[in-house]
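Presented sequentially are two complexes of subunit A, the first with subunit B as partner and the second with subunit C.
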Partner chain A sequence: MSLPHTAWIHHCGTRWLSEDSPMVIHVQTAEDCLSLGDVMRDLDAKALIQSDFLLMSVDCITNVDIVPIMKEHSARRKNDDRGSVMTLLYREATPGHPMRRHSAQVLLAADAETGRMVFHQRLPAAARGRVTFPLHIFQEQSAVELHYDLADTGLSICSPSVPQLFADNFDFQTRDHFVRGIIVNEEVMGNTVYHRRVGTQYAAHIDSLATLLTVTQDVTDRWVHPVVPENRCPQRADLRCSQRNVYRHRTAKVGSGTRLEGCVALGAGASVGSNCRLLRAVVGPGCLLGDNVTLEDAVLDAGCVLADRCEVRRSLLGPGVQLAAGARLHPGCVLGAGVRVEGAAELPQGTLLVGRPPEDEFGGGSVPEPSRLVGAGGRGFTFLPEEDEEDTLSPLRLGPAELPTAELSDSGENSEEETEDESEERLDGAESPEVVDDTKLFYSEVLDSLVRGFQEKISPENLILEVNSSKFAYNVTVQELNSLVVKAILSVPEHGSDERLAAPAFLARLQPVLTTFMPLLTNYIKSEESELSCLRALEEFSCDHSAMSACLAKVLMLLYQRDILSETTILSWHAESEGLSPESVRVRQQVQKLVDWLQEAEEESEDEESDEDSS
Partner chain B sequence: MEELSPTAERLVSEFVRTTRRQGAVPSRQVADRTLELLRQLVSEPGWRQTAQLVGQLRAAGRQLAAELPTQPAVGTLVCRLLKMAREEHGAHDEVHEARPHGAPPSQVDSLHRRLTAGRGAAPAADLSSELTGLRANLLAGLDELQTELDASADNIAREALSHIHADDVVLTAGRSATVLAFLRRAARERAFHVLVVEGAPFGGGHRAAAELAALPRRVHVTVIAESALFAMMARVNKVILGVHTVLADGGLRAPVGTQALALAARFHSVPVIVCAPSYKLSPQFHRGDQQEGFLESVSPESVLPYADGALVGRARLTCPLFDYVPPELVTLFVTHTGGTSPWYVYRLLNEYYDQQDHEIVQV
Partner chain C sequence: MEPKAVILAAGKGSRMVDLTCQLPKCLLPVGGLPLLWYPLRLVQDAGIQSALVVVSEAVLRDHKNDIAQIPAKHGLLINVELCAVPGREDPGTADSLRHLRSADHLRATQPLLVLSCDLVTGCALRELLSAHLLRGAALTALFAAPGDPTVSPAAVTAPGPKSRHKPERDLVGLAGPEQRLCLLASEADFEEEVELRLAVLRRHPKLLVRRDLLDAHLYLLAPGLLDFVDKSPQLSSLKGEVVPQVIRAQYRRPRVQPPDDTAPAPAPAPAAVHSANTYLRQPRFAALTARFAAPVEAEDVGRTSCFAVTTHALTWRVNTTAAYLAANRAVTRLWETLPGERPPRLHPQANIPSGKVQLSDDSVVGEGSSLSERTHIQRSVVGRHCSLGPRVRLVDCVLMDHVTVHEDCVLSNCILMNSSTVEAGAQLSDCLVGVNQVVEAGVKKNREVVSQQSGHMEVY
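And now, the complex of A and B:
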């Protein structure tokens, strides 16, 4: 943990660090720790932990009574299973639950009697499709529970050997790595992990801004009782909870005609003008709201100033944010500390602004321009989160309240319904990110295998095995597989180079590739349907590749000669005319000669046949 | 306003913290712990004059009532001790100096006297002198109070036979330790029927029914849902209820659902008997405009499990703990000294608490 954080801990922990606190707190600092794994290795080096301990992520909100769970873990370690190193705590939540909508899903299998985990997997938030469980987990246990109804709480009870295990396995970075490692190596190392549900108690950990809003609402809805706002107030009597879960500090002022519609918290010294409308809103201490302000699903940190007629929906405002009269924030805006919006600005969905220019990692001197959204005289810079994850999953994006897939049933049986839903989604413009990603991943993996296979002269049989295993890993359909394999083969000649080759050079390189991979093609392209998808793949590839389209006729000829493509399929493909793009028409024209020749040949053979018949 | 000394402050906040952390525990347990806290406050060497002690206790009482508005025993026991301290001091004064007004103050106050007496007529006693032996006397008084608490369930139960007759049909709701003791006592001598309302959403009625059904001498136990209340009320002879707090006007702060029950009883002219140990009698009033602090709501988990993703986050769920029941719906309070009508609760209040201290428990 870096030094500023340490100071921050001391600042935040004042209540716990105070003299009459029943807890004794030691703050441990370690420099250069980037992950849980590093922290654990540091703890192991310092040899600080001698007994079972609670591992808790910093963003955890809970009212769980830990002591009995801790005792259960210790008892198990002493009596039944000496290798038990961790008990993970989960909260039950059905699929599509608000708590689960924005986080990675947990899928686990456990021994039904003891709760020992035998399988653990994380799935993306909008996951669908098949999951493969290893067979041995069902063979080794008399009864296995499969759980897809759990939400991670960020809480786990660990045995004292956990830091040491992290030290022994330097590749463990996160708790998930640890759990997977322990389960996989259970036979070798003899260590086990268990899971436990926290029952009717509340526990949640905030892993994204969207979850932050959900948890905020749960707290104002009193799910975490007795951890409710009035109990956390230094002077309980100052904060009153009235009907519809409206929390008002004694010093908070509310103007006439203002409707506090429910789940509203007003901090000390907050002032709300007249005729405002607040629903599921947290207004921090010292915030000033003008007249006719609308807040819905909004969290305002301390000292925000919102002038008249502002409208804020499903957004987070950091400390000291100022909005001028008439500003409108559409769902998903996040404004950092000190942002000032001038004029009746309208911030579109998902705007991320920070009050200070983002620091250049390489110390570049150029100061970025303030975002245009904040108006003249405003302050605010566009914040770009690292886009290495899908948009909807990025913890720094505040996704919509309900993901489109949240409504889907999780059973794979009514596949008709699912395909319908899928097509609807596509129409909405929000195509299922998971499907696209899987095919992409599959494609790149196949391409890698082929490039390697071509360079290292790996036998085609082995390549087929590799491609097949990739197919199972990514769950692609047979038709997709055929067309992707064809495309991958065509990409091999130019793999690794940026510039595009001219047609003759391309053909020169493509020919040996095709001859090498001919067994692959014969393996996959067997039926008329697969021939068609092969042709479509060739067509699609040619559409945006001029060299390929120039030598398409030669490639087709080769494939025809090798009996991979039959003449009837080529002809029927060529005869397709409906809904073609200009490029496709052009591609078809390129191979006109070949087609003419094929037709002639066919007529001739028909003639011959009829001659034979007549004779 | 009085300020707490640092030591007292620490004791009080420690008490508040522990009580909050414990969550839902029987009020009797909180009462015992409050007495323990009061013992510590009295034993505290920091005070010399009675006025200092009274100031400390009033400040403590005020803070406790504000921090733990749903624990009736806390504020009322502080008031009991205050009354004791004032009386000790008064008795001492009486012995040592002739009273200027002649007539000793009557123990039993009447409504008439309270109405006619002007506010400033009786000047507040001067507590500024130092009194030897006060500390020991108060500690002894607290021990007596402890004995009273220990015996109160038994004393209330002793009244059972004059309320429950053979073959009566008695209705009770939820689980109250005092009511269970009451019914158990009656069951020793008489056979009767008990209808137990389940007390949704917490289901205390189920546990109560199990305990009653396990009695060696068989009581006929029937469990009914809250919604069946009105239908079943016609066959009931008596409603016997526990209570959370008896308010100064004789009204009740009682587990949620009690008002509907009392209204059904009123419709069928069934008497409603409320078993109330003395520490539940509070000088607090209920004001309709101030629901906060009176109505506590807890996690809606028992209304609908949080795991249900189809509803959570879409519908608002609330789970209030208490109902206010106006005094006209209550027929009789049974305390450890016998039966009292709601209209005479003010007399008990005067017996237990000094009027000057009523304000500290008002939330």
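And now, the complex of A and C:
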């Protein structure tokens, strides 16, 4: 748990527990933990866990009776499968379910008899086309069940050996890494993971604004009973639930002519003016709403002040947000604590504002200007989501503006909520100086290996081994590795000479190098993530290398033909437009022709896929 | 409407050449009855009155009467039409259908029940037929769940030299309680990866992929699909090409609105593959059936819908020597499940000296065969007009017709083809004795094929 919040969490824990609860909360503070993996390694070092345990991400809302599931897991570990290390809990949700519409999709395959997972993959929310499964998973058991009907709950039951396994495999950062690693190495390590559905019980994990709003509605709709608003209230009698799931605190005031249309919760001391319209809205304690305010799918934290005629749709307002009369929030806005919007401002879809200027991690830099959106005298700074390289599937990668209903992800919300902690997906983008050195050293080692490998015709398999062992020696992430390998390959043609070759000569030299190292690329560039890192590496290399930039289109074509890069990734890379340097823009223009061609090709193949073909 | 039954028997039986190079596959005796008897009986029990049997030209020339007389000789009422596929030696199953269509043996308006002559099953088809009609299915396929492992071909040693033959397995994708068929592919078609369209998973988010099912190669096709086969000459195999195409069409948007029953199916441009959806006909009372019977979902309108029916009855595809032996061993168990008249286990006209032979319950003795005293027969089939000398021991053997085994022979897991002779005192295990071959007295043979082409066979 990150340091500044420890005391706060302690406070919440004791506040929420009833006096006679036998539960004891231990808050463990782990410094410098950037991921779930780090936390687990820390737990392992402290040897705190001796029994089966429940691993739960902080954003999980559930009423699942965990005890029988724990017992099931323990029994399996004792009787049937000693290597069983984790049971992941999933909730059934068919494609298009609100809980998964904008999140990464889970695709898994499991032995139909036992539920042992044999395959696990995350797909982007709008995935199309095909998926591939390794053939052997079907051959090793008589029946395999493919599940595309599940949503992650963030809950898993772990055996005591899990922290140890994280410690043994220091490249495991997230639970997904862990699951993938266990499945891939099942033969070697003998460990297994199982999945289980929570059935009719409720479990959901919030990873975007959309899921936050959906879960909020599910809570007010009482699907998560006994987790319902009145049970959270210190004096149960204070909060009354009436028809259409309207919850009103005794002290909440509602003006005349105001319609509470359904799924509305009004906290202590909240005051709603007259002729307002509230639908699926949560109004926190002490909020003041003026007259003629419209709230639809809105969540207001404590102490918000909305003047007359405000309209808020599908948005989240942090504590103490103030909106002046006539302000309109289009779907997908998130306003952090203390934001003040002046004048009849209109915030476009997916606006992210924070009340404090974003802190520069390195301390320096200028203080950013307040956003223009908040009007004169307002307070609010545009929030720039971190580039989170591990988490390419997060919808935030697309930028909120590009999303149809403007959804936001983790980092957008975490800035609002104070519970920022070991949330699995977070990998801090900040690089400490040692890390930079590590990558540099790693790069030069890889480059040496490749140059030698090219001259001495060392077999690609051996080179892969060499690169992998370098990876273990230095602290580089998988994506860094992919990107650096690509860059190193590109540097091979000119290695050892200072002069820069002209484009045709460079290409002539590059081609044999690429052909030689094709197995390496095939080995490393496998996922969509890695394809993007590869493209970024090509882009960065081209930016300060005119010869390379001139033949980039040819290189891309080659990689496309060899199935290393897919057309979708090339297109999505090319479509990136935010925060590009002029060089990057120029590089993208260089390959415009290829992209046009790919787009046509893709339209045809889409056509072929969903329609009839005439081949 | 009653489906038209088509029994495909034009294949050469290339996975059991030892047997089929001497006798056409459809006439190989299983439990003393020709193999073709089983699919004919299956079709007859489903209430279908005639079957079209497709054979190769050579078989029609040499064995026309043998095949045509099967019903009369073995107590079937079904009417058999014989038809030969000209030209190629080993025509594809879809090629056979196309030929039948062009030779006007098949009408396009009838559902089509296509099965292979090597299907030996105790499954009752009526359920499959009604499920097909009720669901308004385009294709319904029969699969057999793994049953008693002792009678599966995998548990049987094929006679002759050891081969490293691996049984072929299929990956069968099934969804939902109604067993929607989403995937059918031979495992051998994949190298290291199995590719699946996400469209399939979106439609059927929970998909069971089974490897333990046996594709019985029995398909019930809706009327329009014959046109699809007819107009797609590049598809040569039913199982390998046509069925996967029809399955795939479930996940394709139909381009045109399905024509109503008065308009003819649109004439597709030649040489173009159209999806099977193009050829679907709207059933005459579609609206009515949709209301009362078929749980047709919106996504299925104008698309094919494929279903699987899984049977737990004894089922073999007699397409390998091992499967041939396995079927013979347990065929009496299958007979017991047949409705109506059952073939006799011991033919009334067989000469069995009472009280002096040991005969296990699952053995079969055919018409006119004579056994001598102290013959021991266990799990074996003795065909017609065979003669067994005293003290002969047969374990797990198949004797076809007119076979003579002299005294004191011990045979285990052997196949003795028509008119073969084993002289006194020979001991054979895991051997195959070809038509008219003689095994000399007193020899011991193990894993051998005795036939005219035995030299060739052993190389093979």
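Definition applied: the second predicted complex is superposed on the first by the 380 of 615 C-alpha atoms of A that agree within 3 Å, B and C clash if a C-alpha of one lies under 4 Å from a C-alpha of the other, contacts with A are read in each partner's own complex, and residues count from 1 in each chain.
Everything that follows uses one rule, which is that a residue touches a chain if its C-beta (ideal position, glycine included) is under 8 Å from a C-beta of that chain, and two chains touch if they have at least 3 such contacts.
Keep in mind that what you see is a predicted model, and the values were worked out from it rather than measured.
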Ask   = With the two structures laid over each other on chain A, which partner does A:139 touch: subunit B (first), subunit C (second), both, or neither?
value = second
Next on the checklist: Output check: A:149 vs subunit B and subunit C. Expected answer is one of first, second, both, neither. What do you get?
Outcome noted: both
Which of the two partners, first being subunit B and second being subunit C, lies in contact with A:262: first, second, both, or neither? first
Ask   = Regarding the shared-chain residue A:190, is it in contact with subunit B (first), subunit C (second), both, or neither?
value = neither
Considering only the touch criterion stated at the top, classify A:94 as touching first (subunit B), second (subunit C), both, or neither. both
Quiz item: Regarding the shared-chain residue A:241, is it in contact with subunit B (first), subunit C (second), both, or neither?
Solution: first
*For A:512, select first, second, both or neither according to whether it touches subunit B, subunit C, the two together, or no partner.*
neither
*asked:* Applying the document's definition of touch, where does A:348 land relative to subunit B and subunit C: first, second, both, or neither?
replied: neither
Which partner chains sit in contact with A:217 here, subunit B, subunit C, both or neither? Use first/second/both/neither. first
On subunit A, the footprints of subunit B and subunit C overlap at residues 94-95, 149
Within the complex, subunit A is touched by subunit B residues 10, 13-14, 17, 20-21, 23, 66-67, 291-293, 295, 297-302, 305-310, 312-313, 316-319, 363
Per the touch rule above, subunit A residues touching subunit C in the complex are 94-95, 107, 109, 112, 123, 127-136, 138-139, 141-149, 609-615
In the complex, subunit A touches subunit B at residues 20, 22, 63, 91-100, 149, 200, 202, 214, 217-218, 221-226, 231, 235-237, 240-245, 262-263
Residue set of subunit C touching subunit A in the complex reads 146, 169, 171, 173, 187, 190-199, 201-202, 205-212, 252-255, 269, 272-275, 277-278
